[in-house]
Amino acid sequence: GTPAPTAAPATQAAVVTEAPVATEAPATEAPATEVSAPANPNIILATTTSTQDSGLLDVLVPMFEEQTGYVVQTIAVGTGEALKMGEEGNADVLLVHAPASEVTLMDAGFGKDRMLVMHNDYIIVGPAEDPAKIAGLGPKDAFVAIYNAAVPFVSRGDDSGTHKKEVSFWKKAELDPATEKPEWFIETGQGMGASLTVASEKGAYILTDRATYLANKENLKLEILLEGNNAFLNVYHVITVNPEKWPAVNYDGAMAFSKFMTDPATQAVIAEFGVEKFGQPLFYPDADKTDADLGL
Amino acid sequence: MSDIFEITLLSLQVSTIATLISLLIGLPFGTWLALGKFRGRSFLLSIVNTGMALPPVVVGLVVAMTLWRSGPLGGLRLIYTPVAIIIAQTVISAPVVMGLTAAALAALDPRLQQQLLGLGASRVQMIWMLWREARLPLLAALMAGFGSVISEVGASMMVGGNIRGQTRVLTTAIVLETSKGEFEKALALSALLLVLTYLINLALTLIQQRGAGK
Amino acid sequence: MISVRDLLIQRNGRDVLKINTLEIQRGETLAVVGPNGAGKSTLLLALARLLKPARGQIAFNGRPISQMDDLEYRRKISFVFQDPLLMDMTVEKNIALGLKFRGAEKEEVRARVGVWSKAMGVDSLLGRRASQLSGGEAQRVSLARAFVLDPELLLMDEPFSAVDPPTRAQLLNDLSSLLSQDHRTTIFVTHNLKEAAQVGDRVAIIINGELKQVGTPRQIKENPADKKVMEFLKEF
Amino acid sequence: MSDIFEITLLSLQVSTIATLISLLIGLPFGTWLALGKFRGRSFLLSIVNTGMALPPVVVGLVVAMTLWRSGPLGGLRLIYTPVAIIIAQTVISAPVVMGLTAAALAALDPRLQQQLLGLGASRVQMIWMLWREARLPLLAALMAGFGSVISEVGASMMVGGNIRGQTRVLTTAIVLETSKGEFEKALALSALLLVLTYLINLALTLIQQRGAGK
Amino acid sequence: MISVRDLLIQRNGRDVLKINTLEIQRGETLAVVGPNGAGKSTLLLALARLLKPARGQIAFNGRPISQMDDLEYRRKISFVFQDPLLMDMTVEKNIALGLKFRGAEKEEVRARVGVWSKAMGVDSLLGRRASQLSGGEAQRVSLARAFVLDPELLLMDEPFSAVDPPTRAQLLNDLSSLLSQDHRTTIFVTHNLKEAAQVGDRVAIIINGELKQVGTPRQIKENPADKKVMEFLKEF
């Protein structure tokens, strides 16, 4: 069986090396030497900004294009916008990290296939002094502590995957600062990088994905205060848009991309990505696991 | 969107103040560029014209780097305040007002200056009359300046932070709704923004025509 | 009142006016005549300090004008330009312009504008926009605009060229008496030699950028300085 | 940033083409607004002036919704191509060129039209001469139009998609570097953008002055 | 050649010119005189189809001009305006403007510009920018600009008002012979009654927006139509 998701991804480095090939054989996979251009070579990939900002797609997309002859148009937008593009058939394939909303999309029939690709994790960062004393607490208690201390907290407030995650924590804590709008609750409505900058400037706490934090670390006066909890997993799925709803979509291409993303060779690349620069991987490949394995 | 009224008001306030400051800077300086006789004038003019092409994101980045705590003016604690947006927007629209003012005044008959001085106008009075004479293109300059700030988003986002209840303005709200995939809301806000801008333009045009009609 | 010494004016790098010496007395009316491009308008502009001499000096009541306060000096003067550029406002406001610049009281402005618009026959046009005038009407407005100011020194550059003959005759008449009453110094550029002789106490002849001769009309007629002057005056 | 040359070239191409199209639209239409005598003229003028304040994000959103597969022109498959950026940028800069053209021409002496016709000019020749006479403010209009597109990012982002190697332009690259936290790179790209814009403005100014000097 | 019937012109809603009937023969020179604001310039503008009549009609060679091709008609005409607005280009280009509009050959343009700039005494100024001219020089350029076109119908609105007296006398002389040679129809607005009598085969008197009288100078002098005409002519 597959190993249970471990709490701290830093200790989980070896998953990929033993990963078996995905259950379905990659039908379209072809050696780079005999690339024949597909009938409809253009694919629109709608994804969240984090995958682009981290630089991961800059590595993977050229690989995919070279292997298959497809040309990928990567559109990095907010999670909500990416899902909407799928819903309206304006993208062929999605790479997103908002599991609950993804399920809604699938249930409504707009998505056809949904495959687990990878995860990284969320962390709570904040000023080194940690005025609300959240270090060492569980996620729910940490949010309660922040609320009670009424110290600055930055919320993305943009319905992104990260924001949805944060909302779920407030819900678990049975608190609702978004409605109460206290002074210390700062909603930026911006992307992760910009929100981190706001948090840094305001000396605030913020829930962030590890990858973006690491990429921006140099410019920030924020320390990791809480990490390594099961509840902090940030899971990415690839979703093909349903051609029965939108005949114009390039389903073959979308499928090829999904297969590529879950292909063991690709997964190995994901596991290595960022190690050189940050000393730790930014994403952990999960193609060999199921949602249940990750506690979704 | 219960805070829509608040957001709209802030947009108008911030952009109006920025436009007024730009006018205060751009009108005299543009006049000087148009009327002054000095070396390096066309060099300065092309610098100002380049300023008309200042990308809001660049202005946002530079102003933010200045106002961040790590920046030279970090002590003022202006980052993520409406004042910061006003500063950035002023940087964006001042060159627009300046460049168009210079062009408008340079197009006037040069003998007009002579004649006004010959009628006993002081320098200030002369310039005042020149502005009056060029009021149509100057109004267009003002509108272009206002248009450049009420519509920009890159700078407001970076230096304002789009913080709900504090620095969220119409354009940043539009971007937010768009990134949420809430296109209808984004379009509704856009419509609101355009209607407001239209009303302001209309008011300015009417004031100007009344002034001309007298 | 005005004395010009060794004056050289350049425009766009060309010498356009040279005057060795010229004295104008308080209360005198000097008519200036000469061919096109001779430098007549240039002289007026220099006297009003609207052109900087390349050399030489102009003194007003004994003081070099370059050393006087610019504004103060210009406010002693009224200028009727050869091509009057009226402002895009009503005729009334155009006429009042110089008074406004001098910060005159509202009442006084109204009274003076009333008097002079009537004198120039444009009182019925006061509410009209200046851009809707005939050529002669515009010139009359420009005359009114100068006369309301009641200046010490009046500079007029072909002020009647577009005025119709009866009005012109009448204005010339009025002017002669007005000017001799007021002891107002006047310099009057014209292309009408008869007019010059009628209005001018003395006549100055500028040809090709040089002041050729100054004298009473009779002196000049009887004793022209040179051949060029004679030629210029042959129609007279 | 090995593709920096490519990105720069695309920026220049796209913005230049958009500006030229805006000129093709804005110059005649602005001229008509300035010279035409018809009802609803000031209404149209204030619409155009409002157009100067069109937020790039709004233009981007609307053009994207039109060009998306779900949109009315989805069949043309223009979304996420340089053509899409050109379309959006044209929508942004055409009103700028138009409004400023109208203001520039309205400031000319109305008798000039009469005199040109009186010299035997056809309507086209007359308009040509009016443009020549107003070349200074028209050049400023052109520069303001170019400035508005070379600096905008909202529309290029939405309809172009900032796709590496395909539709990435300087401003979208700046935004990307900024959001990656690579401020130095962002500033370097900004400097490049401004230098280019300056050179273009300088070239236009010189051409215009040579034309005037003849 | 030109016949005007029952004409009414309005400007800004005011009636500014009424003409019951006016016939001008081919080759004739008609001088138009009248007080300021009478409607003289308005008449010329209407004849050139630059103002639309509120009523009535103007026929050219028997055809109503409103039915002729606008451009074709205007290209038979040259117009010397009362206030010449020169374009911001060289004097040479300004003079060539009308020829350029008519698509004339380069050689022809050069030749004609050469001839007429010499005739008007501005040949030394050809390379100068038009904004750097004296008042009289500008007016001469505007005359050259009209004469190069060799028009069937020449409309001149106070074309010599800023020209110096000797040149004026010479031009008037040249003009008289030129016009009578050419059988070119000319309408000539002037404030100089002597000039009108000298150049005009007939003189038209417009007062206060009405055509009062048309006739040879002698006819009018001997037999003025009414008191107003008499008054207007009293200086003559």
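When the chains are written out, they are named A, B, C, D and E in that same order, and each has its own residue count from 1.
Just so it is clear, a contact is a pair of C-beta atoms (placed from the backbone, for glycine too) under 8 Å apart; a residue touches a chain by one contact, two chains touch by 3 or more.
None of these values were measured; they are calculated from a predicted model.
The chains in contact with chain C as well as with chain D are B, E.
Ranking every chain by how far its Cα centroid lies from the centroid of chain B, the top place goes to E.
When each chain is reduced to the average of its Cα atoms, A sits farthest from chain C.
Inter-chain spacing, taken between the CA centroids of chain A and chain C, is 83 Å. One simple way to say how far apart two chains are is to compare their mean CA positions; for chain A and chain D this gives 38 Å. Averaging C-alpha coordinates per chain places the centre of chain C 28 Å away from that of chain E. Across the assembly, chain E contributes 83 as residues in contact with two or more other chains. In chain B, the residues that touch at least two other chains are 158, 175, 178, 183. Under the contact definition stated at the top, the residues of chain A that touch 2 or more other chains are 85, 191, 194.
According to the touch criterion at the top of this document, the contacting chain pairs are A-B, A-D, B-C, B-D, C-E, D-E. Taken in their complex, chain E has these residues touching chain D: 45, 48, 50, 71, 74-75, 77-79, 81, 83-85, 87-90, 97-98, 101-102, 145-146, 149, 155.
Those residues of chain A that touch chain D in the shared complex are 42, 44, 49, 52-53, 55, 58, 61, 73-76, 85, 88-90, 191, 193-194, 215-216, 218-219, 246, 248-249.
Within the complex formed with chain E, the chain D residues making contact are 109, 111-112, 114-115, 117-122, 125, 129, 132-133, 212, 214. Per the touch definition, chain A reaches chain B in the complex via residues 77-78, 80-85, 87, 157-160, 181, 186-191, 194, 197-198, 201-202, 221. Residues 42, 45-47, 49-50, 52-58, 61-62, 65, 96, 99-100, 102-104, 106-107, 134, 136-137, 139-141, 143-144, 146-148, 150-154, 158, 171, 174-175, 178, 183, 186-187, 190, 193-194, 197-198, 201-202, 205, 209 of chain B are the ones touching chain D in the complex.
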